[in-house]
């Protein structure tokens, strides 16, 4: 059970076929129950005739007990044919981080967690290598080394999934995890965010820096996206670029790429944890 | 009289003391009169306890005649102690551009106007110099040459104001107008947007490029802001920067600055014309 | 014949197999003939073992007559197995602009030309449509309308080539020319710079905005490159990006794209005209 | 004594009154002694008539012993009235980091050091607070807690200076050290790089985020500069900005500011350690 701090909020993410009166209906639901809306934003995808909205309100003085909000909203949303998520700021999402050998994204997320920048709890680190165990100890977070080979992959992923259940994980962050999750097991994962080492859709797959270097681009990028069964094709949450030049060697591109990866992944994770992202098909809406 | 095209919209910009139920009350006003909300965004300035919102809805099938919307909303807004603006997409704002001798911002605005990027009508160019008259002829826009000296300034500004009235101007854009409008006459102007040749609040006032060059900054900027009686202190609508280096001479800084000025001024004018800006005190909210 | 203004300069662009003593040999050639070096920059492509340099010096008080510099440098460069270009600031390159119906890049280049930003002379506009003839008249530049169909293309390109000869053109700028130059005729063109409406290598070929919109990227770009026989694969001279969001419709992406195209193309043309670009294979070095 | 690895290089940073023949003279000095130049760049500050250059060459097969290069170059440079620095890549600069309570810049520098991004050795951390001692232990670097009060400042700085001598420090990095070094003691410090929490010259001195928030800028920045006796006026080495909006609270501005500070400080330190920066007056040249 969670007590309602005076600044606790609820957030609704709703998508439904576009139709008249949605904004009023949702606002009335909150207002008539005594909620004070502190953020509302909406978007209409005209091609898909899809209405998407994010509404956040203060739970203080809200008449409905927290556990009844979801069923109560169901009565509103059914005639709208809506899909929705309901999140509470006093229930912080539990995060697992998947890594291999590179430490830059992991360290960055741990520092930000420690600095209070990420509204969630990092509970678990899983790696197919033992290398980053020392870092987990510094930050006092459980580390599970689950080696992967072609032969053991399907089986080892079942171990991962049972860890996800054991730790009650809401979000998996692939922070330079150099294995592709099996499409078969993916439905048993919660939301999964991946960081891709290039500006998608340019340079999908491996060795983007070497290929960028051979092509001499002027701008290099990184992309954070939800992981889906189609590799490097999941909905993009965040991306950014930095300028490169003929002076940049492959190690320079890698160094600049690591800076981008840290920043882009952290922003995407933060947006997700703040419940500002709705994905549909291979698209996203990221409310500001 | 203006007919209501099927895609005409109304936009409300509202600011009022923060209080419960505002979102629902505004949404209900629109919904109960048959309007379909296509954009809503809001912001709370916590320090000022000020609620600010932008709501846009389709006029097609809206029950209230256009001329009755404002008084009808007045009944809603009075108890909220709200300030509001109501705009209609079928009533395009009339724009005047003030220039001196430099043509880059003027040309850029005229091209964008011609390309349909600016939802308004450029009706009038006023200059204290005759130099840019040729451009006005190419684009078939009235040009008034009103020379200014210290002695004649107050008097000549009255001429400017009577032109504003004659052309029924809603927005004055100072597109490199190298005169400061008199504080006395400013209240007789409509909204005025100015482009400042530096990254405010660094380098206010004159010769910013020379001073930036002497200081060797790495990043150079431009700022668009509402013109107020306090020079270079009006609410900022848009700013941007570009990277400079020791290789950049003062002419290079000026060239880069002109590119920034064109882009920054055009974005600010566009945001204003789309009714996405609320200013209060020396601050703004620019809804996305 | 051209007189040597006191601030005229010569610029050498040299590439050769990397070897000891190149810098000293070139510097001595200039110094021993009384030249004052005002810019020197170099780059070694380690993978290709290729040395590339740009050296610029004042012609004032240089002992060699301008027409003898090239043969004199030949004696230096032969043992180095070098390829080189020699340019003089008092011989401004002659530019032709190829357009179709869109005017934004053309207008931008003409305006910069007029503002003195481009060290060259725009002599000729060629288009497969008559639409932009009015602009050519405003700027007093010859306009040749050469319509292209599948059947007439090969023949009409011969007309284009004879215009290039007639006007003695050094650089062709494809400023949104929506035709692909035939590989057969390309060897008869001088240097050709193209602007591509996306961030290459993402989204080559047609309709990049629609595809970017479908994929919902967060960053949109434009790329200027030398045109070669392999479409959209020529050496990149400049590229840049701007941030986009779910709010941006296809027209918004096109508008932002046009801003990028103007800026990116103008920068690339300027770098080329300042003799700061060496291309080799599908790569470039752009000296700052 | 240091052995010359086959890839060791020497770097000369030279500034002198602009005059003919400098490039050739320096190139000949290196070439005639058997050095292979791998990087040369130059700049002329036309206002100051000052020539500045950076030349780097391979020590492998260079005829002069390392310890004789400086006196030998002295013979060249005296008639040029030059100031110069000579650096060897096999003699890595020793770095001290000054901190107070904030850890983000310290952690970032330590992580980059560990990742091999910084060509130098972090030998020492000095702080006026004990808070970050745990981090120093994780990275196995000496930590000296030297508390500062108004009364003890002058005396405690002497302790700092004796640590600088003991550890033979070449560079002090003020990585959010919230004390101003006394002008009196500054001459006893080696090069000092400071990170300033705003886009200088806007918002010098304290609380820039609060003031930026009050002013509602659209772009927020950070600046790395050499620390000099005039506070926040030393030569700027690097700066960068990020976009902010009305949605950003003061904590958001601080979070974005920390990201900028990490990146900007790391870039400045790296440029300095690669001997790519010459400062003169309150200006710098940062060679690419």
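Brief remarks on what is shown
First chain written, first letter: the chains are A, B, C and D, and each begins at residue 1.
Rule of thumb we're sticking to: a residue touches a chain if its C-beta (ideal position, glycine included) is under 8 Å from a C-beta of that chain, and two chains touch if they have at least 3 such contacts.
Note that the structure is predicted; figures quoted are calculated from it, not measured.
Comparing chain pairs A-D and C-D by the number of C-beta pairs in contact, the larger count belongs to C-D. Farthest from subunit C, judged by the mean position of CA atoms in each chain, is A. One inter-chain figure worth recording: subunit A and subunit C are separated by 43 Å, centre to centre, where each centre is the mean of the chain's CA atoms. Taking each chain's centre as the average of its CA atoms, subunit C and subunit D sit 37 Å apart. Multi-chain contact residues, meaning those touching two or more other chains, occur in subunit A at positions 245, 247, 288.
Only residues 20-25, 27-28, 30-32, 34, 36-42, 44, 288 of subunit A touch subunit B when the two sit together in their complex. Subunit D makes touch with subunit A in their complex at residues 103-104, 107, 111, 115, 117, 138, 245, 247, 255, 258-259, 263, 288. The residues of subunit C lying in touch with subunit A in their complex are 43, 45-46, 199-203, 214-219, 221, 223, 235-236, 238-241, 245-247, 249, 282-286.
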